[in-house]
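Going by the order they are written in, the chains are A, B and C; count residues from 1 in each one.
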């Protein structure tokens, strides 16, 4: 019987080890697939932004979009991940950041670490998505060099500093204010939207966007079907993005980034409902397919901060409000403030992200937070929203102002008039089409 | 030794709990990824339907497609899921439906239920796919309001009632007739195809589709490459769809929806083989890339009912037959019956779905079913096919007839002639192209 | 206490069985999703190749691409998988191949085998990808029949024989030479590139590609945005491809195909870094979005052989070199050797694949291999590269020569001049466009 017991003990030990490893592998696989789906966001953004350009600028927009992705990856490797780990307390780096330094053991193939690579990859894709949000707003007149610098600033510095503060189990926005932002409505979308806002002030509008009396002229996408399919691919990728916002716990229930238990089922329910609400909300007020698909995005973003807790019909209503309001907000940005936001990024991402944070303050006030953190509150969400806005807007404004001064921000007017593709790209988008480079352009838009 | 035993007992209990939770999470993740892949079906359908339209109707087709998806989600939340749970017995709701009522504990974030959200989401995507099948057939002349009502009827009522009957472990088609439809060949595709059939009778053809002597005129897609890429995206999404047809069992072998053991490997084998067979079958008889990719779909659909059991070369042959016959069937629908099915949905989905059910009756007759259900039989499959046809055709015909009477079915001829985009959409698909809105249209199709 | 022990023993046995099954299912799911993502590679290739064609040949290119995929599936079922299992020793089939014979128990739904179907499916998608690489190089003048035969030869015979030799735990390239090619840089990409090289010699250039003095004329893609989005979809699919290169071990650490332990995290790190390096490298030297996206592919391919071991910044540098050099290599192929490689497949796949093998010889020399296999060495990698080149080039040259002799290789000049779509396809790509079939072609390219 002693022997039986010894055998059994060995079997149990083997099971424990095997189960532990299985759990580790499950986590690794989960974030790997989430990362792959987030790469699809970039296929979507690429089609979306090229479609949203005029035919004469299609490839220049494509190049910018691809470069934003490409430059985020190494910069996020060299300092972005370190920023996330080092700065949850504010502006003073903590020693926790050491694990994210590019020479750390965790930052490479390492048989005793199955987690760092996939976590880094998922965060890198968040960063690339954030940069892509910015990429769309400034098409058709920004300089490539200035754009790349701004994209790196946003994607590998600003939003990830915001994430350290408000999307981290020790971030000061959580520990001091009880801030809650499950799916990065504020941390990704509001920061990105506010950054666009700051840059657009200095960048100025495309030639022809405003008449001499200030009236805004519509500059439509040259290929709306490509825009729509691109946006639907982004929606697919959103399932990877939101999945990556959930923390898989070995042998236990999921939590959000703050450590509060939740289910992946909640994400399934609310993502679909908020998407549907956003589409229908935008349809009800615009009948415009561009705004409908943007409304689907806005719906998800507006509900993203509380996707872990919403009752799905509430997720639908929040999404509806997001979708129903973006066109109006965009009109305010474009017509009142006279900022030429080429794809409505300030409205779709900035406004919906802000909305997303505030509805948590309205409908989830009082929810307990882990440890000593105060519960969710309207004031905490408002503080978080102001921080997100500031961390995007202020550096975006200052950096673009500096780039403007050194003439790295805006292409010369002549290049803009002739089209950036002719000015910058050794290739035509549609070479079998007429000399304007348009897909069947009989009447070039300008 | 007592203490050793007590410790071991505790360890085993912990392992059991952890393994149980791990299994739960595995299931949740599996259906979540399947859902994400099914969203890709909609990116595919969107490109496919816009490409299949003429340039003057591109965006109106896109809007319809997007709205079908958006309206299915909340309606499937409010009553679709309840229908599935409540009606396996026929027309009398059972109390099992209570778990699907919108105010049920299961219908929202719930820490003790990791399953309902992802199952609901997967079924919702089945529903949205079903509605999208219909969406393509009726483009270029259906009214938006009538379309949305019909899409909801099909996607959130009819097919899911069919699923309760024939794709449910207690459905009467299984328990009374031994009906077998692993991958919803009948429940999704035949029902959707029959519904299209019923609606098309009342909707009528597009202006110009038939000459005065009744000869059918070909109205080709304005952008075939977009159609082909869209269809290939649907094929990718099909892997999510068919994966979601398999039931993951904690710590045990997979089963189909009826509880019969199977493997996911079977799905991998047969989906690829049936796709290939369908493409090659259609190529052999048409050399037409539109029908080749439709043939790939048809191949998968024709084999779908028995994907769990086919020997892969048989799956290939069944797929080949599906692909080889759809063009002929479509000619019958369009030229003989004079129903203007814009994308061949009746043939690709209705016919292939019917074929799929019947080959199970031919080649899998006698397979045992679980419990007291009779074995698979030709007659059982035929009864199931008739039920699927009826549940799609009859309500589709009646509802579209009613909509026709109240003038909500068909757009005015003038709108159709000028193009639905000009009539309904505040945006041009290709604004840099000529006034017809075509992608480089020098000779508008009409 | 005896009873307690007996109960515990039973519980432990149940846990062991359940954990074993869970592990089996995890493996099945993992390769199934990898397969689904690899299907996305084909949606990408389809868009890419159609976009890369001139408007007059769009659909013919699409048909070829679709047929390559469709014919690989059954041929890989009937003999491809058998070749892999039977030929690790060289040219003499071993009895291990029996499990891959089409009538083997493993080759179909089988409740005691959850693995064969998904492994076969993943390998089939590798094979289809390999065939698609070839598909792009030869567009716009190859005959359909000859193309299909060559695609089958490459996808279901040559590369998989190479895989048996160099990408198999018992392959002679490993056991005799210590060959290391984690992600098939040589086995898929170099073989495919070398095959293209051999075929292009016999196929000859497109009419108009070379002036009478031998100067190469640029024949640009008719739709560059479609090319770029297609390439980004291929990048997404690459995550499925590379994931499928890792072997999931029940309850243990991952290994590569050779049995060396590794992590999936390494794949996440290095795939992103190498992609980014490739894009930036190509951008630095070309500013051309076609080469930038091709550079992203080239970067992944150049690092693929050692993705399991690279320090990520090294992966970036290797990717950069790949991206930076492909245009020059392609110029050599097209301008010096006067081979009309329509998409740069020899450079992007052949050269980068060769580079990928050799950098392992440079930077990973001395890494131990499992069992009695010699360690990784420069010479071993060089031998492997020569074998990969030969196994692609020689049969490609001979087979295409034979097809040329029997006039199955090249379409008649008249068909090429008028456009393959008009000559072969009963459908126009853009029927609302002008008679040249171009997307808005006012000035047909020829």
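As a working rule, a residue touches a chain if its C-beta (ideal position, glycine included) is under 8 Å from a C-beta of that chain, and two chains touch if they have at least 3 such contacts.
Not measured: the values here are computed from a predicted model.
Engineer: Ignoring chain B, split the rest of the assembly into groups that are still joined by touch.
Structural biologist: Ignoring chain B, everything left is still one piece.
Engineer: Quick one: how far do you have to rotate chain A to sit on chain B, C-alpha fit, nearest 5 degrees?
Structural biologist: Going from chain A to chain B via C-alpha fit gives 120 degrees.
Engineer: Is the contact between chain B and chain C built from the same residue numbers on each copy (over half shared) or from different ones (under half shared)?
Structural biologist: The interface is built from different residue numbers on each side, given that under half of them are used by both copies.
Engineer: Based only on mean CA positions, could you tell me how far chain B sits from chain C in angstrom?
Structural biologist: 32
Engineer: Considering chain B alone, which of its residues make contact with at least two other chains?
Structural biologist: 5, 8, 12, 15, 19, 22, 26, 33, 223, 433, 438-442
Engineer: Under the definition above, what is the set of chain B residues touching chain A in their complex?
Structural biologist: For chain B paired with chain A, touching residues are 1, 4-5, 8, 11-12, 15, 17-19, 21-22, 25-26, 28-29, 31-33, 35-36, 39-40, 42-43, 46-47, 50-51, 58-59, 62-63, 66-67, 69-74, 77-78, 102, 107-111, 113-118, 120-121, 124, 223, 226, 230, 424-434, 438-442.
Engineer: Hey, which residues of chain B end up touching chain C in the complex?
Structural biologist: 2, 5, 8-9, 12, 15-16, 19, 22-23, 26, 30, 33, 37, 54-55, 220-225, 228-229, 232-233, 235-236, 239-240, 243, 248, 250-254, 261-270, 272-273, 275-277, 279-280, 283, 286-290, 292-293, 296, 308-313, 316, 433, 436, 438-445
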